[in-house]
Amino acid sequence: MDILELIQSNLLTPIVLFFLFGIIAARIKSDLKIPDAISEFLPIYLLAAIGLHGGIEMRNTGFEAMFVPMMVAIGMSLLFTLNHYQILRRLGKFNLFDSYALASTYGAVGAVTFSVGLSFLKNQGVTSEGYLAAILAVLEPVAFILAIFLTNMAVSKQIKNKKKSLGEIDSSESELEMGVTETKSNLKQVLHESITGKAIVILLGSIIIGYIIGEEGFSSISIVFDELFTGAIVIFLIEMGIIAGQRLDDIKKVGVFLISFSIIMPTFNGVIGVLVATVLGLSLGGAVMFGLLLASASFIAAPAVLRHAIPQAKPSLYITSALGITFPYNIIVLLPIMFMVSSVVHNEGSIDLFHYLSEGLI
Amino acid sequence: MKLYNVKLLTVTCEILAQKNVIDILTKHDITGYTAYEVEGNGARGLRGQGLKNEKNVKVEVIMQEEKLQDVIEEIARTLFTNFAIVLYVSDVGVLRTEKFV
Amino acid sequence: MDILELIQSNLLTPIVLFFLFGIIAARIKSDLKIPDAISEFLPIYLLAAIGLHGGIEMRNTGFEAMFVPMMVAIGMSLLFTLNHYQILRRLGKFNLFDSYALASTYGAVGAVTFSVGLSFLKNQGVTSEGYLAAILAVLEPVAFILAIFLTNMAVSKQIKNKKKSLGEIDSSESELEMGVTETKSNLKQVLHESITGKAIVILLGSIIIGYIIGEEGFSSISIVFDELFTGAIVIFLIEMGIIAGQRLDDIKKVGVFLISFSIIMPTFNGVIGVLVATVLGLSLGGAVMFGLLLASASFIAAPAVLRHAIPQAKPSLYITSALGITFPYNIIVLLPIMFMVSSVVHNEGSIDLFHYLSEGLI
Amino acid sequence: MKLYNVKLLTVTCEILAQKNVIDILTKHDITGYTAYEVEGNGARGLRGQGLKNEKNVKVEVIMQEEKLQDVIEEIARTLFTNFAIVLYVSDVGVLRTEKFV
Amino acid sequence: MKLYNVKLLTVTCEILAQKNVIDILTKHDITGYTAYEVEGNGARGLRGQGLKNEKNVKVEVIMQEEKLQDVIEEIARTLFTNFAIVLYVSDVGVLRTEKFV
Amino acid sequence: MDILELIQSNLLTPIVLFFLFGIIAARIKSDLKIPDAISEFLPIYLLAAIGLHGGIEMRNTGFEAMFVPMMVAIGMSLLFTLNHYQILRRLGKFNLFDSYALASTYGAVGAVTFSVGLSFLKNQGVTSEGYLAAILAVLEPVAFILAIFLTNMAVSKQIKNKKKSLGEIDSSESELEMGVTETKSNLKQVLHESITGKAIVILLGSIIIGYIIGEEGFSSISIVFDELFTGAIVIFLIEMGIIAGQRLDDIKKVGVFLISFSIIMPTFNGVIGVLVATVLGLSLGGAVMFGLLLASASFIAAPAVLRHAIPQAKPSLYITSALGITFPYNIIVLLPIMFMVSSVVHNEGSIDLFHYLSEGLI
């Protein structure tokens, strides 16, 4: 199966089709809507299912194997966030706030994307390392914390410079100090919010519970947390499609640069991720999920964190690009591409890789 | 029964600014408030469809006139620039002024 | 099994029992209630399940077979709507607006009734043609569009007559023209609303997706969209029972004429439907579902369309009769009757039909 | 901070009339509003139990006094006869009049 | 169009007191009201998280000034001691006074 | 397996772990929350499932066996409620209203606790008598009715005493009569509310429906109402854990006496319940469930009834102790204890019981 065939066959799965259906429903201005309570519950359910599954796997395989990939993932997430910032600020000419907000949105991970990835692999009959769920949990706040830290540093610096250039005026000084203090408490608050955010809490909790109960304890709830999984994603993706569809008009406003960024950057991050994971010894499926973690952008957690941490950044930019462009691209196009790349590097060794890649991709 | 004049401050804002509004109230020693989710349209576009974080909330606070100025000043200064927010004040009569500081 | 036995055995299924239970809960003024989010989600789910199922069937059987039954169904729906109008306006002495609103409520179809019908057949071990889901989708707006068109024609005519009898007064003229223009935009808007209404959109979308994915693609979500189906109907019918029960008091207000209409008309339409479908070559189960389409009245879509299109009509009339009388009657009594009729005409040919029918029915 | 006097129009109506109300606002170049689902009782009976379409909605609009008369006149003329609807007007103070046309 | 002055009574109380409030209204021959769930904070602590019974509700009633005193007196007398409850009154203008007894 | 092992193994089931997880999530002030619509729906679902299951069982076994245990349960519930009152009023020095409210909260039953109990037994591979669901339904209002009756008697008496001591003042007299009349209507209203309360209605309705449809009729909905059961409890217990966690701070306010009461009383009631049930001939599992009924406290139904019936009582007392202390204690510690006790008395007769118990418990 070549890459176009794989994309095509992925396109014709219920998950992708119902997502596209949601987009169309929104475009023809249908009043179709999954009620809020359901669409707020589904991510919690999906994360619990992912976590339980990951925890059970880790009980079987131990978690020593996890540390190197996790450290590498954290490192790459930080590196990529910095890289995004440079590109957005220098090439994209975005202001400091938007640049950091976007950089961390793409440095962070998307739990829904991860769910779709797991379903995709299941469909391909391929498994992945259970500890990737733990990496998902740990990776969630990393990029945000970096971006918030750097934003606050930059703001402090700006303020100090302003202060110098204005001379030392008393009233202004107290204001400045207040600003810096606010900034600090800001970071502290965001740290707390990130770590106690519902996504991380349910994910980590479920991993631990999965680890404790194992296959046997899971059996009584496996129908809910395993067998209903794909159907639940389908229902959630109808709503995600509707929301993405409602945002399509805004895409024009984000500009050509950000549109390109939202497609090229995940591709780059994702393929690098697959290759690095392969080198680290992850399985075919594991490398795909590792790549997907790095390729995905956050669109549920991001606004919750960034509106408080960098309120000056425009949410219309980071939500629209992450949900309206990158998410569809990732689940429809990039996932099969990364699967292809991973298949190649897992079967044939890394020698022929770039040769093969260029054939497969173009 | 005598009705005493107090002020009702209503703040309609994006849901992620609710915490900021309530923090400002707390800072001014106001603990009582009522809040509920709403949707709406304004300068920052249609809000209330889609993701929970993209909804609005209304926060209503009964308070004495004395505190009003400080509270709305701080809300205006810290939140008007970056958040979808609207604020208005009306006159209401209450029975127990001691409940509303 | 004779017809009374069949009605009795149908009466003792979970679906019907929980519906009756809901009615009783409402009558004793219990605070039992299925939360809104759940009862708004369930019809979407049911329609998705119906659509997927229909689409998969059509993939197996092709959709050429669909066109004649669909055209006949549309024709009958239009004819029946006109017939309802004459009966309601002439015999029932309802005003123009209520007559058209009621006529189209009974000309339209009920998706919930359709779901119950599918479950009923499953219970009887009988299948039906998959394309009936497509007919359900197409039939949804037909009766409304006709009724709205005719209402607007009638209103225009009334206005013109008034205008003539009053002579040409300027100020009145502009008002009249405004009226007509409003009417036109009204029809256009209703057309759009009908076609983009959530019921049709999810139903058509799911049919297409079912057609694309087929049995194989469906397997990963069949537990959600097939195995949970009957349980989901049960939960939804608790709420429908509660709402019907709350409306029982209003039944007195709708009057004896409308009560009789709400029972006799569906019976007539439904039995004719079964016979016509049999002539068209539909299977035993298919003929029942075809009859059910014609027998059913709309109570979820109707208010949404009619409040905008014919705001002068009283919703208490059409909702109460459709949900409070016809729906219970259809799922409890008429469904077994139509099943009996269909069994007879499918086994014995149509020669003995009326003889047998009169025996079975009385 | 100075509070400027404007009008708050509140319309409580059946949910299926919400579109009509907002269309009337749009026609008068008013885009800002806040809306939320409610239940209630009135001349057309208890509303808010059962089917979504049978619920009520409250639409609140802050606007300048000038436009008020035209808007309520049109709402009254086109919606009062056929819909469950109640409308009232109150005085409120806002900080930024430019937001409310 | 002329706006007639009437009173708007707003009662914010724990959800389990809603029935009591509406019973008092009914007793005074007032049938029209609007109600919706809210959350809030007050003397009886944060309300609105957790169990449904621990939420608040707002009940709004447009009424003629004459009935107001009796109604608020009865609410105050029967409910203020044991329930989480806040009540306030404001002036509003309506088009059809006959709707509000 | 000794009692500590059993507690430990119970501790490591998904239900208990997710409950503890919810508590932790609340303690670290996470924004995790199961949406209201879901957490309002789940108890309805659980009660429907319990009822159906019970009804089907009763169809198999007949319901003659039910009457003696039911009468005994009612008697014990009344006796225990009186006992609670004496302890709370005399030893605990609570006022009359709080004493009656608490007494009946602990005299009443908890449907969620019952659900967890059923799952616990399933996990242990043990069954219980189906009619216990009917006892659950009947027991719901009993304690409340008694407490309300006694409260009103006490209030009337107080008023009469006051009246006597003040002499017969006319204006005061009418007020008094009003008071008594209000009290009566109060009891009537509460009786109606109790019996039409959603919990009882759905439970009784489902028992009857289960009885009617039997195994065969149930098969089409067993996936929803049987197989999803444990998973649904898990989801519900996340939310219960969150709510319990939010109340942990309030526990300090309820005082040492009430904390001890919330642990000792259920233990006493529960163990007595197991023993009595065993004497009555209930099975191992049935005796555990019987004990659990008597041990459990009501935290969903109680506020709904008591706020109207005894508005003077502080809900913070009875909700906090029932949900924050007794519920966790019951499902984590007492359930295994009662299981152990029941195992002992069912296997070894009652002779060695106290010897064995003291060994097992200490």
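Letters A, B, C, D, E and F mark the chains in the order given here, with residues in each chain numbered from 1 onward.
In the analysis below, contacts are C-beta pairs under 8 Å (C-beta built on N, C-alpha and C of every residue); 3 or more make two chains touch, one makes a residue touch a chain.
None of the values given here were measured: they were computed from a predicted structure.
K.L.:
Based on which chains touch which, give the shortest step count from subunit C to subunit E.
P.N.:
Each step joins two touching chains, and the minimum needed here is 2.
K.L.:
Any chance you could name the chains that touch subunit A and subunit C both?
P.N.:
F
K.L.:
Starting from the Cα centroid of subunit E, hunt down the chain whose centroid lies farthest away.
P.N.:
Between subunit E and every other chain, the largest centroid distance is to A.
K.L.:
In whole angstrom, how far does the Cα centroid of subunit A sit from the Cα centroid of subunit E?
P.N.:
Between these chains, centre-to-centre, one finds 47 Å.
K.L.:
Could you put a whole-Å number on the gap between the CA centroids of subunit D and subunit E?
P.N.:
It comes to 20 Å between the two C-alpha centres.
K.L.:
Measure off the straight-line distance from the CA centroid of subunit C to the CA centroid of subunit F, and report it in whole Å.
P.N.:
For subunit C versus subunit F, the centre distance works out to 44 Å.
K.L.:
Measuring centre to centre with CA averages, how many angstrom lie between subunit E and subunit F?
P.N.:
Measuring from centre to centre gives 34 Å for this pair.
K.L.:
Residues of subunit D that touch two or more other chains: which are they?
P.N.:
Residue numbers touching two or more other chains: 36, 90-91.
K.L.:
Counting only residues that touch at least two other chains, what does the list for subunit C look like?
P.N.:
In subunit C, residues 33, 35-38, 40, 223 touch at least two other chains, as defined above.
K.L.:
Return all touching chain pairs.
P.N.:
Here the touching chain pairs work out to A-B, A-C, A-F, B-D, B-E, C-D, C-F, D-E, E-F.
K.L.:
Applying the document's contact rule, which stretches of subunit A touch subunit C when the two form their complex?
P.N.:
Counting only subunit A, the residues touching subunit C are 12-14, 17-18, 21, 24-25, 28-38, 119, 122-123, 223, 227-228, 230-232, 234-235.
K.L.:
Note which residues of subunit F are touching subunit C in the complex, please.
P.N.:
Touch residues, subunit F against subunit C: 35-38, 40-41, 44-45, 192, 196-198, 201-202, 205, 209, 212-213, 217-218, 220-221, 223-225.
K.L.:
What residues on subunit B touch subunit D, complex-wise?
P.N.:
On the subunit B side, the touching residues are 10, 12, 36-43, 48, 56, 58, 69, 72-73, 76, 80, 86-91.
K.L.:
Which residues of subunit C touch subunit D in the complex?
P.N.:
So the residues of subunit C in touch with subunit D come to 33, 36, 40, 242-243, 246, 299-300, 303-304, 307-308, 311-312, 316, 319.
K.L.:
Tell me, which parts of subunit E touch subunit D in their complex?
P.N.:
Those in contact with subunit D are residues 1, 3, 6, 8, 31-36, 62, 90-96, 99.
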